[in-house]
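Below you'll find the structures, each written out as structure tokens.
Common to both upcoming complexes is chain A, partnered first by chain B, then by chain C.
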Partner chain A sequence: MPEAFAYAPAPESRSIVSIRSSYGLFIDGEFVAPTDGRTFKTIDPSTEEVLAEVYEAGPKDVDRAVAAARRAYETTWGSMKPSERGKYLYRIARLVQERSRELAVLESIDNGKPIRESRDIDLPLVAAHFFYYAGWADKLPHAGYGPNPRPIGVAGQGIPWNFPLLMLAWKIAPALATGNTVVLKPAETTPLTALHFAEIVQQAGLPNGVVNIVTGAGETGRSLVTHPDVDKVAFTGSTEVGKEIARSIAGTSKKVTLELGGKAANVVFEDAALDQAVEGIVEGIFFNQGHVCCAGSRLLVQESIVDDLMMRLKRRLETLRVGDPLDKNTDIGAINSFEQLAKIRELSDIGDQEGAERWSPACELPDRGFWFPPTVFTGVSQAHRIAREEIFGPVLSVLTFRTPEEAVEKANNTPYGLSAGVWTEKGSRILWMAQRLRAGVVWANTFNKFDPASPFGGYKESGYGREGGRHGLGGYLDV
Partner chain B sequence: MTPTSSSGLTAGPVDDVVASEASLRRFLQGLPGVDQVGAEARVARLATRSIKTTAKQYALDLAISTMDLTTLEGQDTPGKVRAMCAKAMRPDPSDPTAPPVAAVCIYPDLVGVAKQAVAGSTVKVASVATAFPSGRASLPVKLTDVKDAVAAGADEVDMVIDRGAFLAGSYQLVFDEIVAVKQACGDAHLKVILETGELATYDNVRRASWLSMMAGADFIKTSTGKVNPAATPPVVLVMLEAVRDFADATGHKVGVKAAGGIRTAKDAIRYLVIVNETAGPDWLSPDLYRFGASSLLNDVLMQRAKLATGRYSGPDYFTLD
Partner chain C sequence: MSDSGGRVGVLKTYKLFIGGAFPRSESGRTFEIRDASGAFLANAALASRKDARDAVVAARGAFAKWSGATAYNRGQILYRIAEMLEGRKAQFVEEVVHSEDVKRRAADKIVDAAIDRWVWYAGWSDKLAQALGTSNPVAGPFFDFSVPEPTGVVAVIAPQRSSLLGLVSVVAPVIVSGNTCVVVAAERAPLPAITLTEVLATSDLPGGVVNVLTGSAAEIGPWLASHMDVNAIDLCGVSAEQAADLERAAAENLKRVRRPDEDHTDWFADPGLTRIATFLETKTVWHPIGV
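What follows is the complex of A and B.
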């Protein structure tokens, strides 16, 4: 039966952004060709069309970038009057706002995320982070790190492909506010918004070398992290790579913050506001196609309401709209890469084999590009791999519990500890849970809410250090 | 009035609930809560739906055909009501493809005039009653008010609940009044106005919705239009969740009417999106959804003309009735 109220396509125009056919490395204030000239292509994951050619920075390029950052740290940025540093950051924040439509469209094209999210969530948060840390630049003596906290020096930063520009902001804003200079490597599948951000850096008149952006894959990242003149390493990405980084810098004087994987429990008690809990579950796992390190990928439901809640959840999932990331009505966009899609498929197939029950709403997926339907596994136990391993896709594993103690035990029974959610109308239970959950963020009656003023980071194998808020300054100060 | 088996439902799935004042109270207070932040975030999200071209056409026509064109003023006259009825039957004189509205909504003393004016058309006559808008009168007075309206030919009766009794926790009193009014309505359809602006919390909106549905409401309606705030998107969301859950529990579909404060086509479309994605497409019909509005129609007509011609006409090209 055709839908009565069928939403006509409402695509956001691509014309606001002009994507160049190739991009140089951004070193010492300008776009330059790399020493050995190796390139790779970045594609639109919703169509598999090539968007642009990007250079792969080799060790010599990384060396150049680190040298530029060092020079800037020693000659301009490190000794600049803090209020002046703040002005530059405010200027960047305003420029991000001015160019937010362009950046949102570009982010959706390169990453595959729905334009509604890049427009309403990513970009506003990017600007907010720069505004927030701009404010700290001349107030560092009041941050709780002593009367005159000093920067560390040159920061080497690696960011993931799930929130390319937002992770860039989380990295660059606090580093610059505290007087450090940076060399940042965006993820190989999503380099474009970082390169357009480099234009903003130029537009803002930031002194040369304060921000350097080197594109590339794992090799480039390795060169950056292990570079002897990098004083501080900040990385957001997989636990596997995080461990490799920790090993590679062990025994050096480098400081490090890592924000890694997660397998968050979203705990729904029988007295929860059910309709809003359903929204929170959807927001928790289907936001950004589930490509979220703090995604609520394990739903823990009190057994007494599991049937009612699953009925409501499935009914809600029927209304999700999967498709063109640039359509303003799209709820779920494309999976970022073929590799990621293969991983999601593999783990989902393992879920089938281990005896969990798979369910997806009826939805038509486009022929080209990388797509995976919103998926729910019921009958999952703690022993199943889909309950233990990070899938990083739109796949929810549903488990049940009987008592609050059991909920805490199951929620904490994971090597990760990035985030957790609690749904109950009982305030005392929220506090009781929050004290016991081993997770960096505990959301109560909401999920995936971010604010630059709020610190974010993990317990256990989800990493160490905090980003955001006053605490986020600590990772970039010599304290 | 004995509440037992006097619920408006023939199947009796809620007979246990309404069997006693204690069970009614237990049930209403045991309904899942509504998280204010979450409910408001949900409607804010739905407000970002982008309704264009064919979808917009559909939504604008649906907004007209689900509209209760309303005048509820002390200064209403037979002339004013006749003019509004003409507009109700043919909203856009220059475009016969514009559908008629669902109903005209007026005070009881003008039902006769309206009935005559809309005779032969599909437009229904809805009358407010039960000491509208405050509802502060005795039950016999309220029932007489209803009977007058029905005798004059009202197809639909919009009653108000006793908000004072509801807030005092006298759920049984509110329930019994609705049952009595429903009986007095006879064949006329009953819309129960919750006046959500006076109930204040979404939990109360949910309880009042269930209470009204169990008492036999054909429609639950947000507001009289005389209290601020009137209809708001989160309130309508909560009511739509209630009718959806009630239909799941009983198989009986109750309508929702958003009334008061809805003035632009853009707002109307946002409400229709909430209807579509909460209660579902079954509710996209005048049988199960209504807008109560006095000034909304012209904005919808203007948007409709813009969609058809590509140009905005000035407000002077649309009649003020």
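What follows is the complex of A and C.
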């Protein structure tokens, strides 16, 4: 980029958040030390600096948390007047708004995502989600689940590292609105905003035990999901772990909802508004470093416009700024962990080996931390692994099609079915495509939009159940 | 099947129902069906793994057309099933008496309820989207709506005791929304199910929408639960011992699973919407609003 257009650094101040050197588990309304005292460290993926020490909850800790949730369910929360429950959720929404800059900065530090996204997308949606479900608490008889829908009991919830606080909101808000209590396990690499959220739970004066947060890795998650006193399991994460959960609860009476992986097609027809489509493609795959289960990772372009579109797309990608997540000019932040970076590298190398052509804009990556440049593979066939497997990084695979029928066939040719995109100026074609795409969310002439009122979730191996909207209540009611 | 007046009756050969046709089991296997007193009723086809796989192929093949039909059209076809069933009521009463060891009067009520159940579900076809879909008021300039869609191919292990009413009560909610299915009929009492396929075959229901296998649920269940082209499974008539294994197998491609509920289901009661809803996906569509 010419020097005349260079950006001055515009870092958001870190001083708004104070990160403690260590955090306890949040059980029964207070931060406590774990039974066996095992800890792990969480780092800033953009610098690899240690941020804090976090406890790893063992089976006994999970036991305590579930017992606290059960007590709260039976003594306070489950039997509370619904309108009062709702008011607690409204309080949480307001407290999140009050502390949103602090939480956005903390999210960007612990996760690596650009502050522009954590500040303008994640945090506003977190508050909105609590605000939306707060209102449902005393309106459940009107939700279409019968005159007197009942909560399930204790919910065990596991969330991923890509939208740590937003996924927490998606899990906790509907669970609490319907009268359940929760034990939530944040992802191993991004525990901090959940622990700061625990302070908000205290500030809101929520009865002890209604929300419990246990940090840890896969083992902690397994203890939680298989705990005999957990009535409801909600999980967002990989399809592999989702299948393991589905197997582990077989034969029990646990109710489960799973929001898993995806390999979404983003279909661009020749009559599309190309510059808008380019923005949508960028939004689809480079939003949040591509760490998005519904990312538009397979671009399907009508053959007649592929050269024109690729030229425009590459020109646009040259302007993306990769670097410091806290810089307000940054478009693409750090990859969340070394493990994830290794996976992205491995699959991209396989793309090379299988004969696809790799392209990235010229961009300088920082020396420390985990980084991967925005990457586009052309000449990709449906058999290539980069067209079949979820990369969960800033890597786009480009395929072409000639007819609408072929576009549908290729878009649906995946075991996943979470989302899809369609770009065309022809209304009837949008609806024709929307009917045929086997995916839980279809974005037409837009992509990666989220709202608490809008149900989200997958077909096929992208999981089952919906989060958001009236449909999102169903997973937490005994229906 | 009784012989009287010196005339030898013509006995029916009970076969499978796959893709709208009535094949024998490719395995050549059969098993004896007897009534409560132990009297021989018929030899039924003992479906094999190949039959189960053929049935899934037929169901998958029928899915695009059936799910793409208008809701009004699907409703009329379900209603047509009720009409055809009504016309053959006496035959079904007879078979239910033999299959379920009930008195004629009780069998009458069962068949009436089965006919009425088709009528009830027929009416749901073009109301589901209105009862279960939503328009979503998102905080931005977007038109956003959610509609229910069929899950795909559904495997159904039918109730073991309620050979007709129970069967209808698990099949109708699956197909009314556009799913297609492979049904394993009640193991000891499969004859009403096979006779029902003759009704289905003459009701304008496209071949492959409902496929019926007779045989051992314990044997066929695992083949369907682990089949990668089956999207969901209703374990209604599965024994508690086998249910966990089937649910585990179903996790391999994340089938939607409905756990066994035959023991606590009153087939005469209002079914509600939960059976329909189990085999639906919700699709949400966004489009910007602007000039």
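Worth a mention:
Assume the second predicted complex is superposed on the first by the 477 of 479 C-alpha atoms of A that agree within 3 Å, B and C clash if a C-alpha of one lies under 4 Å from a C-alpha of the other, contacts with A are read in each partner's own complex, and residues count from 1 in each chain.
By our rule, contacts are C-beta pairs under 8 Å (C-beta built on N, C-alpha and C of every residue); 3 or more make two chains touch, one makes a residue touch a chain.
Computed from a prediction, not measured in an experiment: that's the story for all the values here.
By the touch criterion defined above, A:D120 lies against chain B but remains apart from chain C after alignment on the C-alpha atoms of chain A. In the overlay built on the shared chain, the residue A:N445 is in contact with chain B and with chain C. After overlaying the two complexes on the shared chain, residue contacts for A:F456 are found with chain C alone; chain B is out of touch.
Once chain A of one complex is fitted onto chain A of the other, the partner contacts of A:F163 are absent, as it touches neither chain B nor chain C.
In the superposition on chain A, contact of A:Y55 is made with neither chain B nor chain C.
In the superposition on chain A, A:A434 makes contact with chain C only, while chain B stays out of contact range. Judged by the touch definition given at the top, the superposed model places A:A10 against chain B, while chain C stays out of reach. After overlaying the two complexes on the shared chain, residue contacts for A:L274 are found with chain B alone; chain C is out of touch. Put simply, more of the residues of chain A are touched by C, taking chain B and chain C as the two choices. Once both structures are placed on chain A, chain A residues 445-446 are touched by chain B and, in the other complex, by chain C.
Every residue of chain A that touches chain B in the complex is listed here, in rising order: 3-10, 116, 120, 271-276, 279-280, 319, 328-329, 425, 445-446. Only residues 32-35, 37-39, 41-42, 48-56, 58-59, 62, 241, 272-273, 276-277, 281, 284 of chain B touch chain A when the two sit together in their complex. Chain A makes touch with chain C in their complex at residues 128, 144, 239, 242-243, 246-247, 250-251, 253, 258, 260, 415, 430, 434, 439-446, 449, 451, 453-457, 459-461, 463-464, 466, 469-471, 479.
Considering their complex, residues 131-132, 134, 136-140, 142, 144, 146, 151-152, 231, 243-245, 247-248, 250-254, 256, 259, 274, 281-288 of chain C touch chain A.
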